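The two complexes that follow have chain A in common; it is paired with chain B in the first and with chain C in the second.
Up next, the complex of A and B:
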């Protein structure tokens, strides 16, 4: 019987609670908080540094965009530039309609999906920025659209979805 | 103060680049790797089928079923008239009608170095013939620095003097890319004029339309490899340091 074993440790025994480990782990309090956006520092002079810079890559070809975003991320890792985040924007589908008129009107449809990946960088020094830009520019593949700009609050907000019911309630309250 | 005046004269030079328009052809190893990767992703990793491919497979199965057993026509009525196979054939025909622009343009064949249409897969740089001292040399366009202006604006002025004002070129940063300094020959050297330092800046041509008249007639657009034909060796060494291929 004793061989079947249940793992009950007697409370009076010194081995009580021998397998406990959760008290050793650091305490994690899951909070739902909005992330801080404005982290810009611009110091003039020789040490001119950009704040958050977004490199946006758009294309119709998904694999191409993903591979290029991976390449840019790895390049920044190797050049020891801090990468904050690398995320994707939602894909946009567009329908292309051809209206050919050769006697009988024909309509050919094509459905195109455009994908966008963003790599966010911090701490780019102004002496190094043009070199990095040139490297990325000369390595961009065909069919890819590059855009490098500074991160603004509008960019951050575009990732979040608006909640119309919440806004209605807030409007009703105030 | 006058006593602390430096003996070097400063010049700002602009290296105007036209970015490549097409990608360079792959090397043999690159092509082999690309083929291998496609094979790996397609067969071994079992990449998912796209919508079009799923539709095609379903319709093939339907056709098979119809031929083997005389299938009832009820199912066929609900489906669309156009089959995926027909769509594919239509697309193939359209593709065959499309004619791509040639990669090797006329300027390539005639080796006309003054045109921008040549060598669409590599960077092209502007070289101008300038008179320095009593020699006519091929150089990147340069202009002397005036006190009170930044070196970047000197370089932009150099570009403007040779190509006119409405150039759509983009300078990426304020920092120079390279420096070349040389001393004047002893005959011309004075106390205040020991030599000259040339600072190089880089700019990228945004539009390939140069309809403005060039002020100096002797200009060339050359690639990095052809630079050696025109520039002097010391100058070439310093310029090559900041050129990406």
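Up next, the complex of A and C:
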């Protein structure tokens, strides 16, 4: 067994590395493991700097809200403000019904989809914050609702799917 | 009905368990089977609790998932059909006009962007100058001005509207129903 185990190849001889074949096979990409969705630490910020701030843009028009989110992201990059994340919140669909003039039945008027994009920034200095808000406000398009607030754990939890079974079990246990 | 002809001195039976009329029952009647011992109950409860704990561990092990965003999922009907749009060929004058228009638009947007950058720079400079002057006035005032404003967030603003609201407009009555799909894990 020891004799079979040794792989002696004389480097000077022309037969060196004669049995190698792995270099001929295609490269194996390592299997991508599913990354667990974990909440990043929320920084509270110092006295002269704000912590994690969420700029939420909501609108019924998808293209508008996407373009404006891109603009805000690029603006923050240009002004060297650290952008943590730039993500989308789930779309909300709502049916608008109205009452006919002569009749008691509610008629379907339209099905509206509300889209929301969030740009999360960190380390906004207290002196620069009003300037940034001013710039964003002046470029705010029609029909876009802007909301700037601090990032909280509840905001992160609202992105996750609800688990009724887990909650039921927890309620039963306690 | 039997109470009508019984003499008043004989007491009535309170319940059907009270077989003799003169004695009073001190304890509830003994059932046929002896009472189940408490150990079996406790074991069953413990087994149930352990099962629940195991279930809880299993559920907690699964990582929470993000709600899928419908905006990024293209509906299948747009990828099924193979129809291709056939556009008419552009004349050279038309394409020339379009290119020149694009160039003019690029220049306009560049001027707009530069003006914005200049404005931001001017704002920052004037702010720094004002803070410098304030520092000379008093160190305390400067420190108080540098501090972050707690009342700034949350900041909410609706976008401007194309037209002002119509005076005296009576909207029809109606309601909004939220029909968003609820995802559960």
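Please note the rule applied: the second predicted complex is superposed on the first by the 112 of 174 C-alpha atoms of A that agree within 3 Å, B and C clash if a C-alpha of one lies under 4 Å from a C-alpha of the other, contacts with A are read in each partner's own complex, and residues count from 1 in each chain.
Note that in this section a contact is a pair of C-beta atoms (placed from the backbone, for glycine too) under 8 Å apart; a residue touches a chain by one contact, two chains touch by 3 or more.
All figures in this text were calculated on a predicted structure; none of them were measured in a lab.
In the superposition on chain A, A:91 makes contact with chain C only, not with chain B. Ranking chain B and chain C by residues of chain A touched puts C first.
Contacts of A:150 after superposition: chain C is touched, whereas chain B is not reached. Judged by the touch definition given at the top, the superposed model places A:83 against neither chain B nor chain C.
Contacts of A:109 after superposition: chain C is touched, whereas chain B is not reached.
In the overlay built on the shared chain, the residue A:164 is in contact with chain C alone; chain B does not reach it. When the two complexes are laid over each other on chain A, chain A has residues 126-127, 129-130, 133-135, 137, 141-142 in contact with both chain B and chain C. Those residues of chain C that touch chain A in the shared complex are 52-53, 55-56, 59-60, 63-72, 116-117, 120, 123-124, 127, 131, 146-149, 152-162, 172-185. By the touch criterion stated above, chain B contacts chain A in their complex at residues 19-20, 22-23, 90, 123, 172-175, 202, 204, 244. Against chain C, in their complex, chain A makes its touches with residues 34, 36-38, 45, 47-50, 53, 59, 62, 78-79, 88-101, 106, 109, 111, 115, 126-131, 133-135, 137, 140-150, 159-166, 169-170, 172-173.
Within the complex, the chain A residues that touch chain B are 108, 126-127, 129-130, 133-135, 137-138, 141-142.
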